[in-house]
Structures are given as C-alpha cells and as structure tokens.
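Here come two complexes built around chain A, the first alongside chain B, the second alongside chain C.
What follows is the complex of A and B.
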C-alpha cells in the first residue's frame, strides 16, 4: 500500500496524519484526565462524562455568541473567559450530581454506571430541548485561524496547535494538584483507605465531592477546547465515552502518566491507519488491538505495584 | 426427573408465578390484543431472553455485561442471513447485475457471495449457528477475562468496547453486512411466508414456548449448586476459590449461557420483526437491556420478564405521544431504580405485596378450619 507514494510524500503524509493524531490525542487526554481522576482515583464509573464535556462546549458556544453580540472588540479573548465559565459550570453541576446521586453509591461501582447513564440520557435531552438537535459551532477569533507552513507539503493548523498547548498546560496543572499539593495528598489518602483517612482528620465527604467536581470541571474545559476543532451536538459526548474509558483502562486506571501515554498510542495508531484504511476499519482495528492487549495485560500499561 | 426432583426445582410458590406468567403470555395477551399489538409484545419478549441471561450473569454471578447486544445481534444476524439468502434466489433477483446474491451486496458492487455467507444456505446450519456462534464468542471473551481474574468494572467496559467494535464493523462493511440499514426485506422461511398474520401468531407462540424453555433452564441453574456458587462468588469470590472451586469456569459457563439466551432472543426478533440492523447491537441497546433486567429486579427471573414488558410498553406509549419526555423518563427510571429500588419490581413485590398477600391467604385459611372440623364430625 506504500508503493504508490514517493518517500517525500510518505513523510509528509505521516507528519500530517501524526499531527491530526495529536489533535485527537489532545481531546482524548483532556477527557481522560477528568475520567482518570473520577474513575481511576475514586472508582466511580461516570458514563455522563461525555455530557459534562458537551456542557463545557455549549457554555463556550453561548459565551462566543454573547461576546459577538455585546463585546465585539473583546472577541479575540472570549475563549479564555469561556474556558473559565465552562469550568465553573461543570464543576458546579458535578458537585450537585455527587451530592444528589454519587455519594450513595460509592460501595456499588456497577450501579454508578447505570445511574450516570440515566443522567447522561437526561442531559442529552435537555441539550436537545435547549440548543436543538443540530450541531453548533463557534466562530474562531482571527488569530486562531489559518495554518503554519512548515515545508511545502506540511501545513499545521493554528487552532490545533493552540489546543495542544492548552492540553499540556492542563495536564501539568492536574499533575501538580494531584501529586504536589496538600489537597492531592488528601485525595490519594481517601482513595487508598477511606477509614484511615477519616481517622486522621480528613473530611472524606468534602474531598470526594471536590474530587468528583474537579474531574467534571476538567471535562468542561475539554469541551471548551473541543469547540476549537469540531462542532457540538447533543450526542457528541457519547461518541467519545467508550474510547475515553478504554484510554483510561489501557493506561492503567490509577496512573495519570499511563493515561497520557495510552491516549498518545491510541490516537496515533488510529489516525495513521485512517489514511490507508477506511475510518471505520481503522477504529475497529485500534479498538481490537487495545482490547487484545488488555486481555493479555488486564492491569493496563502502567500499573502501580500495590498489594491488594 | 423424579417427582420430588421436580418439586424441588419448582416449589409451589414458583409454580404459581410460572402459571400466572404462562396464562398471561399464552391466553390473556393473544385474546385481548390484535395481531399488530401481539407482534409488538412478541418483540418485547425477545428482549426478555436477554434479561433472563442478565439475571443469571449479573444478579446471581455479579458479572455485569454491557455487551449483551452483541450476542442478541449475532443470533439475529445468523437468522437474518439465512432468511436473506432464501429471499434472494436467482429468480427473485434477476434484475440485479449478479443475480442470486442479496440486494445490498449487488448495490455495493460485490459479484459473488462472500465465503462466510455460503453455509447459511442451510437452515440446520443457521439454527445451530444462532446458538453456537455467540456462545463461542462469549467463551473466548470469558476465558480471556475470567481466567485472568478480570471482573467487575473492567469486564463491563471491555464488553462495552466489543459492542462498539461490532457496530462499527457492521456499519463499515456495508457490502458484507448490509451496513446501517441492516439485513432487511426478509420474506419466507422454507417457503413459509413469515409476514402473514397467521405466521405472526405461530411465531408468537413459538417465541413464548422458547422463553419458557429458557425460564426453566434458568430456574434449574438458580436452584442447583451452581446457582448457590454464583451467589457465593458474587459476595466473596476469594473464599469460594479457597474452598477449592475453579471460579473462572463457573463464570464462563454462566456468561455463555446468558449469551445463548440472548442469541435465541435475537433470532426470534429477526423472525418476528422481519429485519435485523446494527441499532440492536451497539452500546445504547445493550445498556437498555440491562435496565430491563434492573427494573424487573436483578435477582428475579419473573421480574426480568415483567420488567422487559413494562419498560418496552412504556417506551412505545411514551414515544408515541411524548417523544421528548421519553428520554427524561428513561433516565429518571435508571436513577430511581439504582438509588431507590435496587431490587426492582420484584423487590417491591417482596416487601409490599407478598406479606399482605400471604396475610390475606392466611385469613382465608383461618376461616376454613371450623367448616372442616364440622364436616369431620358429621
């Protein structure tokens, strides 16, 4: 299948597909980071994670419309405001959901799956009633449009670069929060041994609530970034949920580094195969390989060595 | 089976429940509904096969599979492939550029029948395939997962991934599978028109009988030592393992049994509805099947059947009159079942109805003794 292309063409194909893969990688990482916190750390299966992401995307869409209407001269920076608003909105919704639903289910992880699936159906229908069934997109500010030409045949879109930069920043922020802050220490303590954490004076209920809400908040930011590279519909979140869970499981559920590594592997595999096979076959092959590896190595790529 | 064996398999109380369900399915529904509604009930009952399998896997064994749609779909597709081949004989398809192959293959520029379609010319092979293909598939997944002691949440996510993979594969390989539309326009089974009203009646009763066969098998598993072991494994898997049982093999068996049930349901679905499409295979239908089981009560075989009927009936009624409200109702149902009634309808029946019923029965019996003593004196 490589015979029809010259060497230089092949190089640029791989570079461009690699870049497309990096954009997919960004979305995966952003979604999976939130999920890695909720699922990997807390053990809650949040099937509504995609819908939290879409909420962030809709908030961004609304903000861009408001800026276009009332503050045209500030339009170039609307995205940063939107990102903060998206975070706040999803954070609050996440806290509410934890308070109303999840906190009763910590001992029954399979049931969180069903309950959050119900939540995702309700959220989807709310989006459909409020924003309509059609997909919506945001207008990008001028400085995010266009592309950088690296060579004659390799061009890289700026919005993709921007989303990637954002991903790196958010990943670093999450890493610092989880592993370098006092709060992160509390979260990990609660996850490892709830009773003991409570006994040494950690307010476990509060930690649970904030952890869940933070995971949702990151999903909101992911949604905000998602609007830069794609359009948003009521069911867009569902498209990514299985992939995201696989990313988290494949990486080793409790390892953030593993999550990033597996997001990279899966997205690169998928986008480089996409060029040579049809999109659906590329996806089937990727998923099959991932599931196959998971069958051989159920603990994922980067498993923490702990005694259970 | 000896008489006492039968008694222990079906205690008096369960016998009453079986009899009520049989009366409902074989007498009340056929007499009270027109053929359109009855066909609809038949369609709902095909999902009850899946729910039965889930009761054994999930309620008893604690293995939540989010990929039952895969087995339902495989069973359904095996049946549909046979029916499609019969519907596309060279005579009926002579306007195609290649007569004798299914119409969607012709539209996708295929010029001969793919090799894996060939054996489906035979009805016997197809009927065997309905059960065996999904069971083998379940066996492979089961061996790979349970032998490595993967269970719980991971198992749920991986089975869900299989549901996603199969859907994408079916939709992507249009020429071989019929794509998004699925395999449609199925007409006859060995020359017998399955679309006529008479055929629909017969298929409904065949479906009901098969459901009862599966119910008896499930009841047998539930009452046997295997059933007790499943519950024990759900509660404390390590203790069962330390007692010397090979936990994985029991799990694999019950998972394959659930898959076979689902496949029978899928095949009956194809026969009664007249087509099969990837929209019954994917993630969403698979999770919906879990909710049928959860609403009925994950520990109750009868509950699974009633839950399936109730949720589907509600779905049809709601989406006919208030399409927007249906998703809210469905989502609310999921949350309510999990938070408020983890044992579903069967749990409600056990806590609220059954004590009153037995109280009432006791009252009736309490009235009788004077009468019998009087009779015995005279």
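What follows is the complex of A and C.
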C-alpha cells in the first residue's frame, strides 16, 4: 500500500496525518479527562458523557449565532465567550444530574451505566426537539481559518493548532487542581474511601457534586473545541463515547497521565492507519491491539505501585 | 462532657446496641472492652455518624451530635481512628494528614504532629499504602488529630501491631491527652494495653455495658473473665 507514493510524499502524509491525529487526540484528551475524573476517580460509568460534550457544542453554536447577529465586530473573540458559557452550562447540568440521580447510585456503580444511558437518550431527544435533527456547524472567525504551510507539501490547519493549545492548557489546569490544591486532595480522599473521608471532616456530598460537575464541565469545553473540527448533531456524542471509555480504560482508570498517553496512542494509530486503510479497518486494528494489551495488562498502561 | 444516653443501634431488625448510657469527662481516657461481635466497632462507627443510630442521643458539651453527618461531627470536635486504619493509600503521608485539616483554618500540617510522630516527617512524600502497619496507625492518629478534636475515638488501635510498638503507642496516647487536653475513647481487646492507658474501663457484652471499673480499683480477674472465650 505504500508503493504508490514516493518517499517524500510518504513523509508528508505521515506528518499531516500525524497532525490530524493530534487534533483528534486533543478532543479525546478533553473528553477523556472529564471521564477520567468521573469514571476513573469516582467510579461512575457515565454513558451520557458524549451528550454533555454535545451540549457544550450546541452552546458554542448558539453563542456564535448570537455574536453574528448582535455583535458582529466582536465575532473574532466569540469562541472564548462560548467556551466559558459551555463550561458553565455543562457544569450546572452536571451538578443537577448528580443531585437528582447519581448521588443515589454511588453504592451501585453498575446501575449508573443504565441510568446515564437513559439520561443520554433523554438529552438526545431534547437536542433533537430543540435544535432539529440536522447537524449544525459554526462559522469560524477569520483568524482560525486557513493553514500554515511548513513545506511545499505539509500544511497545518490553524484551528487544529488552537485546539491543541487549548488542550494543553486545560490538562495542566486539571493536573494542578487534582494534585496541587487542597480541593484535589479532598476529591482523591473521597473517591478512595467515601466513608472515611467523611470521618476526617470532608463534606463528601459537596465534593462529589463539584467533582462530577467539573468532569461534565470539561466535557462541555471539549464540545466547544469539537465544533471547530466537526459538525454537531443530536447523536454526535455517541460516536465518541466508546472511544473515550476505551481511552480511559486503556490508560489505567485511576491515572490522568495514563489517560493522556493512551489518547495519544489511540488517536495517532487511528489517524495514520485511516489514510491507507478504510476507517473501519483502522478501528478494528486499533481495537485488536488495545484488547491484546489489556489482556496482558488488565490494569491499563499506567498503574500505581502501591499496597492496598 | 461527652455523653451517650439511651443509645440504640441496629442493622435492620437485629439490634446490636441496646439502650447504652455512659459519659466521658474532659481529659479522661476510657477503654471499651469486649470480645468480638459484642458491638464495639458498631458503637464507634455510630458515634462517628457512619452507622445510623435508632434511638437515644450523643452530646458533646452542649452540642447535640445525634442527627449530624460524619463531617459535621468532626467539625464539632470528634476525631476518629478506625479499625484497620483506613488511610488513603494512594495519597502521600502529607496529603493524608492534610485531609484532616478540612474543618480547621490551618493550611499547613501543624508541626506538633510531626513532633509527636517523627517518622511521619521522614516519610512525608511516601504514599500512605507503602507504610508499615505501625506507621499507618501513627498516620491515622495524626490525621485525626489534625482537625483538633475534643474527643478522639480509636477503634482497636493495637490490632496487628507488635508488642513493643503497642507500649510506645500507649505512651504517645497519654502524651497526646496531656498536651492537647482531649478525651479519648478506645475500644480494645488487649487487657494489658487498656490497663496501661485507661482511667476507666467499660466492658461491653451483647450491646450492654456489663461492668465499669476505675483504673485505680480495677479487678483484673473480673475483666479478664469477660474477655475470655
């Protein structure tokens, strides 16, 4: 399959597909970071995570329309406003869902699978009723369009670069919050032993609610970023949820670093194979490799060495 | 100062603690003794708000703790060292102690805790799960002390710990009591340890207090008889 291309062409293809993979990687990381907190840390199987992401995407879409309508001169910065709004909206919805549903299910983690699956169906129908079944896309401001030409045959799209920068910033912020702040310490204590965390004075209900809401909020930001590389429909989240769980499990459920490493591996493998094989063939190969590795290392790529 | 009255705890239909009454004076160390399955751990958990009580009340000074959740009890002045230590194994020693600071203003681990347990300062950045049993026990006590409790509950602190360290722990607990001026309730099966630290010994059998002895006038043989199988 490589025979049709010259060496220089192959290099360019790998570079550009590699970069396309990096953009996919960014969305994976943003989705998976939220899920790593909710599933990896809290143990809640959140099947509605994709729908939270899509909520963020719709909020971005609405914001872009409002800016185009009423504040044309500020259109170039609408994306930053949209991102904040997307975060706030999904954070609030997350807090509501935790309060109304998830908090009753911490002792029955498998039931969260069904409950959040139901929630995802409800949300999809709401999106369909409100925004219609057709996919919508946002108009990017001028400065995000176009691409940087590195050489004659390698071109790097600017929106991809932007999404990557965003991902790096958010990942760093999450790391600092989880591992350097007192709040992060409380979260880790609660997820490790909810009863004992209460008995040392941590308000576990509040920590649970904020943690879940934060995971959803990050998904909302992922949705915001998602609008730059794909169009948004009521069921777009479904396409990503399986991949996202795959990323989190493959990386080692309790390790944020593992999540990032596995998002990188999976997205790169998929996007470079997709160019040469069909999309589904690429997926099959990726899944086979992941299944193989998980059989050898059930705890995922990164696991803490610790007596439990 | 700390008073438990008409206290009942049940798991569903089976009542484990029946109508318990006792109180603790400030600065007093009380040992609650009894064989396995007599309700010691249930009582401890329920005093911490982990296991709900069915009837009766728990009061600390003028504060009624009965309907409070665990974290509110900690804020009101209870500290808990559970059976099996239950430290947060993936977190470092320092982070473990910091979880106990949630209800107080302190941002940093108070230095006096490291003075009490110098080994914890040495192991500051190790993960809690990689400590030995005795070190984990010290960590659990330091974590409970971080919230500056008025009453410290210890559930079977000697379990799985070698005799020389048990004696050292008795000394440390008395030192904590003298320096911090708190009351300690310790549930125990090891009579020598209880005699070593307690001012008063209560014997719990089938959810009732069947004997109460002051340390000064204790009848060792009588308590030993309750503990023998």
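Here is the rule we use: the second predicted complex is superposed on the first by the 305 of 308 C-alpha atoms of A that agree within 3 Å, B and C clash if a C-alpha of one lies under 4 Å from a C-alpha of the other, contacts with A are read in each partner's own complex, and residues count from 1 in each chain.
Methods note: a contact is a pair of C-beta atoms (placed from the backbone, for glycine too) under 8 Å apart; a residue touches a chain by one contact, two chains touch by 3 or more.
The structure presented is a predicted model; accordingly, all values stated were derived computationally and were not measured.
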Notebook entry, point to check: Clash or fit: how do chain B and chain C relate after the overlay on chain A?
Noted result: fit
Notebook entry, point to check: Comparing chain C with chain B, which touches more residues belonging to chain A?
Noted result: B
Next item on the list: Determine, under the contact definition given at the top, whether A:104 touches first (chain B), second (chain C), both, or neither.
Entry: first
Checklist line | Touched partner set for A:202, first chain B, second chain C, both or neither | finding: second
Check: Touching A:189 in the superposition: chain B (first), chain C (second), both, neither?
Finding: second
Check: After lining up the shared chain so the two structures overlap, which partner does A:242 touch, if you call chain B first and chain C second: first, second, both or neither?
Finding: first
Notebook entry, point to check: Regarding the shared-chain residue A:294, is it in contact with chain B (first), chain C (second), both, or neither?
Noted result: first
Note to self: Quick check: superposed on A, how many Å separate the nearest Cα atoms of chain B and chain C?
What the structure shows: 18
Item checked: Complex contact set, residues of chain B against chain A -> 64, 66, 144-145, 148-150, 152-154, 156-158, 160-162, 164-165, 168-169, 171-172, 283-284, 287, 290-291, 294, 324, 327-328, 330-335, 337-339, 342
Notebook entry, point to check: Where on chain A does chain C make contact in their complex?
Noted result: 182, 185-186, 188-189, 192-193, 195-204, 254, 304, 306-308
Margin query: So in the complex, the part of chain A that touches chain B is made up of which residues?
Written below: 43, 45, 101, 104-105, 108-111, 113-115, 117-122, 124-125, 128-129, 238, 242, 245-246, 249, 278-281, 283-284, 287-288, 290-291, 294-295, 298
Item checked: Complex interface listing, chain C residues touching chain A -> 48-50, 69-71, 74-75, 80, 82, 86, 88-91, 95, 98-103, 107, 127, 129-130, 143-144, 146-147
